[in-house]
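You will see two complexes here that share chain A, one where it goes with chain B and one where it goes with chain C.
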Partner chain A sequence: MAYWYTVISLMCINTILAWSVYSSFMTGTVSLGQAGFFAIGAFASASLTAIYGWHIVPATMMGAVAAAIVGLAIAIPTLRLKGLYLTIATVAFVEVIRVVFHNIKYGRDGEFAIDASSADARQMPWIGPDGPLGFRHIIYLTEHHITPGEYAMWLVLLVIAFGVYFWVLERSRLGFAMRAVEEDEIAAQGVGLSHNFLKVFAFAIGAAIAGVAGSLYAHLLTFITGDDFNIPLTVMMLAYVVIGGGQTFWGPILGALIFTLLPEIARETKEFRLELFGIAMLATMVFRQHGLITRDMVRRAETRIKTAFTGRNTIGPDEPGAPAPNPTKK
Partner chain B sequence: MLELRDVQVSYGEVRALRGISLKVEEGQIVTLIGANGAGKSTTLRTISGLLKPTSGSIHFDGKELNGTEPHEITRSGLIHVPEGRMLLENMTVRENLLAGAYCRSDKDAIQSDLGDVETRFPILAERNAQKARTLSGGERQMLAIGRALMSRPKLLMLDEPSLGLAPKLVEEMFESVSTLKSEGTTILLVEQNAYGALAVADYAYVLRVGEVVVEKDARSLLTDKSLLDAYLGEA
Partner chain C sequence: MQFDEFFFIDLIQTGIDGAMLGSVYALMAIGFALIWGLLGILNLAHGQTVAFGMFAGLVSAGHLKLPIPISFACAVVTGVLVALLVERICYRPIRRAHELVPMIATLGFWITTEEILQKIYFHMYFKDFMPFPNPFTMTRFTFGEFVIRFDYVVTMSVAVVLVAALYFVIYRSRLGMALRMVAAGHDIAHLMGVNVLKTLRSAFMIAGAFGGAAGYLLGYVANMANPYAGSMATVKGLFTMILGGAGSIPGAIVGGIVLGFTELESAYLFSFAYRDAIAMGLLFLLLVFRPQGLFGTRVEDKI
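Moving on, here comes the complex of A and B:
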């Protein structure tokens, strides 16, 4: 059972990571830098709980703030870059962060497991990141007797909270403005929207969300190293969004769920796992370029639910789900 | 209302505008005409802040615009309808129109303006749930102008509104432009269709390789065949 609690926790963390990519994706920015923010959140909050004895909630918040501040510092100069160049800059950022955490060492000596004067006294190892050896003994959960089941439950609640944030955002004026920027930056400026502000804002929020995920991940695994936060990981996060669908916040959930569950289920296939993975990705890109869940699908589903509840057909010319009178393919 | 003084713009080494000075008074239609590459679109893009002038000054509504961001210029009521229309392609017609009113908070007035625009261009009401990219060229142009009107422009800058339209639609387009004027909108109109533009404009500037070569009352320019032929080629 504990195994499945861990899988559920990882699904939640990966969903949150997928949303962190989605946040800037909404304004048309493809970020490959999320692993860096993930690492910052993980190391910052683990330091606070393990070294300074903070509670996990404020520590997670500080992890998010730290990631957001670094996100702002990265976003302001790099968002002037367009398309691929921005993506390359964010990849470089991941590598910088990885190397920093590979080499950094701070913290304190661990306490004695048993009374220091006794013959059996064993000193716990270094508490804090220890260069290439990584940050071990992030034991907040065991110290505070939080069971894997409880932790998984809190993570599910947190996922719901983030889901509500994105649900509201997509229906708000701000979300509309972000979509307009994604569609066409110049047209968005033409209706008086500051594309730079919106992009930087969405990017910083995305960084903060990745920071939250980092904190959750560090405390779940109890052991992190700088090398965990590498480029394959950051590519995987983007894959959640691309495969699941980047037009609504539902897509990244599906992408994260599939990519967390599939490798677990397909463990039997052993070394063919990655090949299956590649085939699944290729198939999605060939057959569903906009991802598994598209905006139109969500709208149709919403209309159907509305109809089911009110018992009448609400599809009218004003309904976005209504079929266009004269649709032509792009 | 709008005044450019000796505005120069370069694309790298290439000097696109070599010192343009022009004036648009409130309630007028002013047109910029000239051949391809004369700098007409560049002038509009510079006014709306998409390009930064290397020298010279631009004043709108008593304020200097140098260095102002494009979205701030838009918010001050100077609306640019660029060539190629710049629609939000994957959004519906209705969403595009409402995007034009994004910076306004007067909900009732927005609704009534939406009604006005849809009365002016009934096809937009018919197509309101359709995505912008599925529209025809003429419909796209109407949508672009409709969206601009939704932001209650003080000055509307139209870049080649007749481009790519069927002849009958070109005529309708110029008619709508003069209707807008009669309702009090100030317009700066860029056109290659010099005769169409001069017929509705009050004042005209003829551009040639980045310079104003003639500026004149539109009607007298229209009758001055030799001048037009000299600068625009046989029409």
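Moving on, here comes the complex of A and C:
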């Protein structure tokens, strides 16, 4: 059972990561730098809990703040770049962060977990990132007797909270402004929207969300190294959004869920699971170019739910999802 | 590192080695630059042409004991075949979609083929990483204080010949004219009577040939054939292309040499562990101040 709790936790973390990409995706900014923010959040919050003994909630918040500050520092100069040029500039950032965390060493000596005189206790554990050996002994969850089930439950609640944020955002003036910037920057500027503010804001929020995910990931796995946060991972996060569908916030959830579950379910096929994974990705892109969930599908489903509750048809005749006109009725 | 009488000699020696290594990076980046310049997509599967080219070179030269020119040709042909597969699966069916869609499709191709290659490598042929056949391992030239490895010279010469051939094709042939037309715009090229799809297929084939050749030369220089070389080649080739300017072929060449030079010099001057971080940090700074890269055409600025 603990195995499935961990899978659920990973699904939640990947959903949050997909949303962190989606946040700037809403303004038309395709970021491939999320693995860098993920790493910053992970190392910052794990340092606070493991080295300084903080509670996990403020540590996660600090991780998010650190990621957001770096995100701002990255966003302000690079958002002058257009289109995929920005995307490839952010890839370079991931590589810098990866190598820095691969080599950094700070922290303190840990306590002996077992009797100091026994043979196994010759070496003191090093609490903190230890160069290429990685950051080990992030034992907050075991120290505070948080079971995998409880942790998974908190993560699900957090995912719901972020979902509510995006649900509200997509229906707010801010969300519409972001979508306007995505459609056409000049037109958005013409109607008085500050496209630079919107893009930087969305990027920083995305960075903060990735920082939260990083903290959750570090405490779940208890061991992180700089090499975890590599370029395949950062492309994977973008893949969740593109495969699930980048038009609504439902798409990233589906993308993250499918592509976290698929390798676990395909565990039966043992060594061929990564091939299956790649082929599934390829096939999705070839057969559903707008992603699995499109805006029209969401709108249709919402209308159907609304109709079921209120008993009347709220959709206009020209909108997608409208029922076919009934020729027998006059 | 210490400041003694050998400091400058070692500095220059490192620079020469870096520039030579960079010529392989340049070959990897040319494939990226061609596809980006013509299609505006990131072909993440390009590294796989490198990996398969290296593998074909290893099998033909090391396993079947074919002579070097034939095994080099095998590597190039394998690269072309992989690139054609990429074009057929990841580009042709979805060319009208958003530019990210082919990119994610090539990511799927990358993951799948890397796993398949790794299985072929370890289950069918070899038990472990194999040394790449290299008859010139210990051959070297000495110019006064400096030493130049002969395999670097071969690599550099092959790279120069390939680039010259590419320039000949682009500026002196009908195909090259069509390629330049397509780079200017697909619709206009179509109106002018260019068969756009056929031209793009040729572009993928050229990119694949460069990938296969880069794979062979990379195995040759590193003296090891590695089934995971595709990922490394994707990352390095991508950065080289970004450094030189996305879509620019002279940029890819200069970018490769600059990247190789920077990596080895920073490993020598600062620390080996941080060599990638220094190179990438410089690249990031460059992008902030000069987003189009060293040789890129000006990024279209709308406002």
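Quick notes on this one:
Assume the second predicted complex is superposed on the first by the 305 of 330 C-alpha atoms of A that agree within 3 Å, B and C clash if a C-alpha of one lies under 4 Å from a C-alpha of the other, contacts with A are read in each partner's own complex, and residues count from 1 in each chain.
Everything below uses one rule, namely that contacts are C-beta pairs under 8 Å (C-beta built on N, C-alpha and C of every residue); 3 or more make two chains touch, one makes a residue touch a chain.
Not measured: the values here are computed from a predicted model.
In the superposed model, A:Val286 lies in contact with chain C only, and not with chain B.
In the superposed pair of complexes, A:Arg173 makes contact with chain B only, with no contact to chain C. In the superposition on chain A, contact of A:Leu193 is made with chain B only, not with chain C. Taking chain B and chain C in turn and counting the residues of chain A each one touches, the greater count comes from C. Looking at the shared chain after the overlay, A:Glu183 reaches chain B, while chain C stays out of its contact range. Applying the stated touch rule to the two superposed structures, the overlap between the chain B and chain C interfaces on chain A comprises residues 186, 189.
The touching residues of chain A, when paired with chain C in their complex, are 30, 77-78, 80-85, 87-89, 91-93, 95-96, 99-100, 102-103, 131, 185-186, 189, 231-232, 235-236, 238-239, 242-243, 271-272, 274-275, 277-283, 285-286, 289-290. For chain B in complex with chain A, the residues that touch the partner chain are 48, 50, 69-72, 74-75, 79-82, 86-92, 94-95, 99-100, 102-103, 126-131, 133-134, 147, 151. Residue ranges of chain A in contact with chain B, taken from their complex: 173, 176-177, 179-180, 183-184, 186-196, 317-320, 322, 324-328, 330.
Residues of chain C that touch chain A in their complex: 40, 42, 44, 89-90, 93-94, 96-105, 107-113, 115-116, 119, 231, 234-235, 238-239, 242, 246, 273-274, 276-277, 280-281, 283-284, 287-288, 291-292, 299-303.
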